[in-house]
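In the two complexes below, chain A is the common chain; its partner is chain B in one and chain C in the other.
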Partner chain A sequence: MNREKLIWTIIFVIGVGALGWRFFTTNMSMTYVAGTDYEFVEVGPAQSSDAPAQPSDKDAKTEPETRWVNLAEDPDLKEVQSGQEKVIKKLEPWTTYRDISMEVLPIQSAFKSAGLDPSLVLDPVDAKRQIDVAAQDGLINDTQKTDLSMRVGALERYPEVGLSWQRTLGVWIAAFFTLAIMSFLYRDNPFYKVAEAVVIGASAGYVMVAGFWTTFVKNLLVVLFPGAMRESLVPGLKADQAPDYIYIIPLIMIVLLLWRLAPKGGWISRWPLAFFIGVTAGFRLIGYLEADFLGQIAAGVIPLYVPVEVVSASGTVEGVSAWLTIWASFSNIVITLATLTGLVYFFFSVEHRGIVGRTAKVGIWFLMVAFGAMFGFTVMGRIALLSQRLEFMFGNWLDLIQRI
Partner chain B sequence: MKRTIPLLIAIVAGFVVILSTFVPYTESWGEKGMIWFDILAVGAFVLGGGNLLKLHLEKISGQRPGWMYSVIIILSFVITLVIGLLEVGVHPNPMYPEYAWAGNYLEEGAGFWWIYQYVIYPLTSTMFAMLAFYVASAAFRAFRAKNFEATLLLVTAFIVLLGRTYAGVWLSAWIPPTMVDICDFFNIATTVEDWRTLRIDRLTEWLALDGPTKGAGRAILIGIALGVVSVSLKILLGVDRSYLGQD
Partner chain C sequence: MYQFLKNLDRRWVFLLMGLAVAIPILTNLTFPEETSPMVKDIYQAIEDLPDGSRILMAYDYDPGSMGELQPMAKAFTRQCAEKNHKLYYMALWPLGEPMIDIAGARILMEEYPHYKYGEDYVNLGFKPGAEAVITVIVTDLPKLFITDQQGTSFNDIPMCRNIRNIQQMDLIVSISAGDPGTKQWVQYAGTPYDIPIVAGVTGVQATQLVAYIPDQLIGLLGAIKGAAEYEQILDDNFPHINDNPDAQEAKKRMGPQLVGHALMVALIILGNILYFVGRRRGEER
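Let's turn to the complex of A and B:
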């Protein structure tokens, strides 16, 4: 084993050991969730089953009115108990979970500081009992008792609080991928290549899934097959929505587009591609003319003298602020000059000599200032992203700082 | 068939969209065109996915260098696709509990949400964050105050970088917020004057959002708009046919 490999092995072993020790002794990467239960039953009028249906009368309602009730919210269901209604159908119950780590972790820290077992927090009722016992035993004072009881009491509004192993594992995977990408700063390596491969595959899958649910279903399937969609994916659709068969055209265009993958006749994909190009050209022409060309010209017509009034707290105008007026006017003059000289620089139909050349030169200066500012902003934007990733690594994963 | 029909499709589609802006009766045509465009874009995603599979399956079957990474690409693609399309872990919408498929595919805790939250987001945001290092190192190597223009760019970038950090605030915190005392000294009718505009953090905002950048940005936007309009016209008038390919 050469020297470099030995150093990396030692670093790796120490790192894994430190992570293992931290994982088993602290809240590192632990994600806590609160559950919301759903247990739906369909209830309807109790007497409806006794009344015979009247098929001869088409206008009469043959099916009784039913409704869905969540037993988790209304466990007594008084209408059923009193016999007014009866349960027609019962669905499999389910629970949805949301992240409440930001609420649980500070309470656990408070428990730890008070010398109590932090895992008690997950069962608020038992935790309160233990707080009382600790107060009786003199382990905590009255102020601590009140504070801890109040904090843990806030968790009682959740029917179920627990550790989510799926999300905790997710934090580890996210941390691994973050480190794998960052490892490229050292040099290209297999960890980076794996992360790169995952991002390519997962992103391609993500855009296809998002496109399917948000566009293909909502804009195409719903319009072509409203009845089937109402019975399956989009139950909120209006009952009287009729199919719009003109939407078969984009469906055919998709088939033509996919023809490109076939060994023969791939040229047919030019038809939908031409539609793409045509629509894009039409929209861009109008959009850029309206928003960017005319919009920017309209926004560029600004006063060169901008008096800034100073208003007192009572609302009376105390006068015109000399400095702020100079600053605001200077600002508008700079904007106007930058626009005009910048436009002259971009005007290549005239040779940049003489007055045009000098004006274009001033335009370059303004453009350089703008590029410098844009560069600074871009770098700072990336730095902000980096700090977010570091916050995740040191907060959500290592639990060394407050989580985001 | 191969060139004339697509040319006609592009011209008609483009002019219908333009017409829909000016003729109220045809307004819905433009909206429909945009919806069809979105639907077709989903078809293009499928084409992209198909291409991805084809390319990497070929690489795997040929055992070309790096084929193991192609396996990872295909696995992550197929897993994401299956979990997202089958709505793994998604519960029914509480408003329509009897419809098992009516839930939100991005529901918190569901499989697709998990993939986005713990795989896609960390990977993409870290990749973008890494650009901070590359942009900074490239700038360090490329930016030299060789002439006046380069110096302007360098100084502005320095002020903006400084102004977006605490150092910028700290360095110019000594500038008084008002100039009331000075106005009194020169016997100028005083009001509350704001000198804070000269502090580096404020100057950064002015430089980057309001002053020269706004003006130069406006000139750039007008130039871009004219460029886009001319390219669009070339396509719609059939002058530019490069999208039709060679044969």
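Let's turn to the complex of A and C:
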């Protein structure tokens, strides 16, 4: 084993040991969640036929209005009891969980400081009982009892609080991939390669799935076959949604684009491609002409003398402030000078000699200042990204600082 | 010394920068923020709108720029919620949708429980097509956003029933990490249709967008510094936000910024000194 390998082996062993010790002695990476129950039923007018609604494209316009009611909020369906409505469809109940670690962890710390078992926090009713027992036994004073009871009481608003092993594991995976990506700064290695491949694969998969649901389903299938989509993939779709058959044209273009994969006639895909390129070029040209070309010329025509008036508290003009006027005018003069000299620098039809050369040189100085500002902003951005990652590592993973 | 510094392995520089950022985070080093006029303009633009105004929240960024943009996205949501504005969230980036959940919907659910989905805020989700999407929704919003992110018909959502296009919005808040983003909102919505826009962007973009101020863009939050100043003005005007640690995210990141930038300046000076010393010694670049 060479020296470098030995050093890295020692660092690895010490690192794993420290992590193991921290994991078993602290709240490192522990993620607590609260659940919220959902159970939806679709209700509609009672006078419609008893059979569940089967909307089709043909009779979509005559479908009665329906709405969704959350049984978790209205378990007895009191709103439906009037007899005006009836239940048409019922969805399988589900529960969503959200991270409440920021609320649970400080309470656990308070329990630990008071000599109580921190795991009690997850069952607020039992925790309150234990607080009473501890107070009776003299382990905590009245102030501590009130404080702990109040803190635990805050968790009672959640129907279900628990440790989420899935999310805790997620924190570990995120930490592993962060370290794997950062390891590239030392040199290329298999951990970095794995992390890179996972990022690319996951991103491609996500974009594909997002594209399918947001565009292919919602902007094509829903428009062409609203009835079928309402019964299958998009139950929240309005019953009177009528099909729009003009969307058959984009459907044909999709087929033409995919023709590229066919063994013969791949050239057909150039037609829709040509359409997209033409449309995009047109869009961009108009956008640039109006907002950048004309808009920026208009914004560049500014007065070189800007009198700044001093207004009293009562709203009367008391005169012109000399210093503010000088400052505002100076700003506008610099902007005008920078614009003109910068433009001269990019004017290559005339040789940059004499007055043109000197003006172009001033333009270069303004450009350098702009590049410096860009560099400064870029550094700021990169440090912010590193800060956010380190905050995650030190907070959510190692529990050394407050979590984000 | 010269030879040592000239041949210094760049990995020592990486380590130094890592420590320069990590130590202020671990020691919770923060500094007071002064609000600049541009940040005040943005704050005032939202504040001057009548309560309950319609605001389009365009979250055009992804996890790669969360460090810079998430604090300002949260702060925008908080100020709008303080004014009870109606918030229409949408994204032109595929991963903008989860950003809406993290830096929009979650803030409203946890900190402003009176905000009801569909009545006070709606998540229209992601729509691919970049500037083409803006060009369509500027005249016909439900044509592209047939349903919201959850699949509810656009016209079934109470706060969307009377919305035909985004010209009915009182303000566009664009939070952007690149293209499509603030530039496209200015080009295809703000400039041609006179819809007021405020923006929060990454540092890389900021210098390119400053030229749009003040005629085509009311104001711009540039990178984490802009976000920190915006958090400060919210703290000053809404004291209960000051007590919320989640609302101090950008301000916390300014400590590492100072030390990191100081190190960067020192390294640039050192690099220049080495260059001139080398040139005096007759060494090639």
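The rule is simple: the second predicted complex is superposed on the first by the 324 of 404 C-alpha atoms of A that agree within 3 Å, B and C clash if a C-alpha of one lies under 4 Å from a C-alpha of the other, contacts with A are read in each partner's own complex, and residues count from 1 in each chain.
Keep in mind that, in the parts below, a contact is a pair of C-beta atoms (placed from the backbone, for glycine too) under 8 Å apart; a residue touches a chain by one contact, two chains touch by 3 or more.
Owing to the predicted nature of the structure, the values given are computational and were not obtained by experimental measurement.
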**Prompt:** Which partner does A:17 reach: the first (chain B), the second (chain C), both, or neither?
**Reply:** neither
**Message:** Taking the superposition on A as described, I'd like to know which of chain B and chain C A:324 touches: first, second, both or neither.
**Reply:** first
**Message:** Output check: A:379 vs chain B and chain C. Expected answer is one of first, second, both, neither. What do you get?
**Reply:** both
**Prompt:** Looking at the overlay, does A:215 come into contact with chain B only (first), chain C only (second), both, or neither?
**Reply:** both
**Message:** Contact-wise, after the overlay, does A:115 reach chain B, chain C, both or neither (first, second, both, neither)?
**Reply:** neither
**Asked** Now for A:402: first (chain B), second (chain C), both, or neither, which partner does it touch?
**Response** second
**Message:** In this superposition, which partner touches a larger number of chain A residues, chain B or chain C?
**Reply:** B
**Asked** Is A:298 in contact with chain B, with chain C, with both, or with neither (first, second, both, neither)?
**Response** second
**Message:** After the superposition on A, what does A:394 contact: first (chain B), second (chain C), both or neither?
**Reply:** second
**Prompt:** Which holds for A:357: it touches chain B only (first), chain C only (second), both, or neither?
**Reply:** neither
**Request:** Residue by residue on chain A, keep only those touching chain B in one complex and chain C in the other, then list them.
**Result:** 98, 185, 206-207, 210-211, 215, 219, 233-236, 279-280, 283-284, 288, 292, 296, 299, 370, 373-374, 376-380, 383, 385-386, 388-389
**Asked** Any idea which chain C residues touch chain A in the complex?
**Response** 11, 14, 17-18, 21-22, 25-26, 28, 64-68, 70, 94-95, 97, 106, 125-129, 131-132, 135, 144, 146-147, 150-153, 155-156, 184, 186-188, 190-192, 202-204, 206-207, 211-212, 215-216, 222-225, 245-246, 249, 252-253, 256-257, 260-261, 264
**Complete:** Given the complex, residues on chain A that touch chain C span 67, 98, 102, 185-186, 206-207, 210-211, 214-215, 218-219, 222-223, 233-238, 241, 279-280, 283-284, 287-288, 290-292, 295-296, 298-299, 370, 373-374, 376-381, 383-391, 394, 400-402, 404
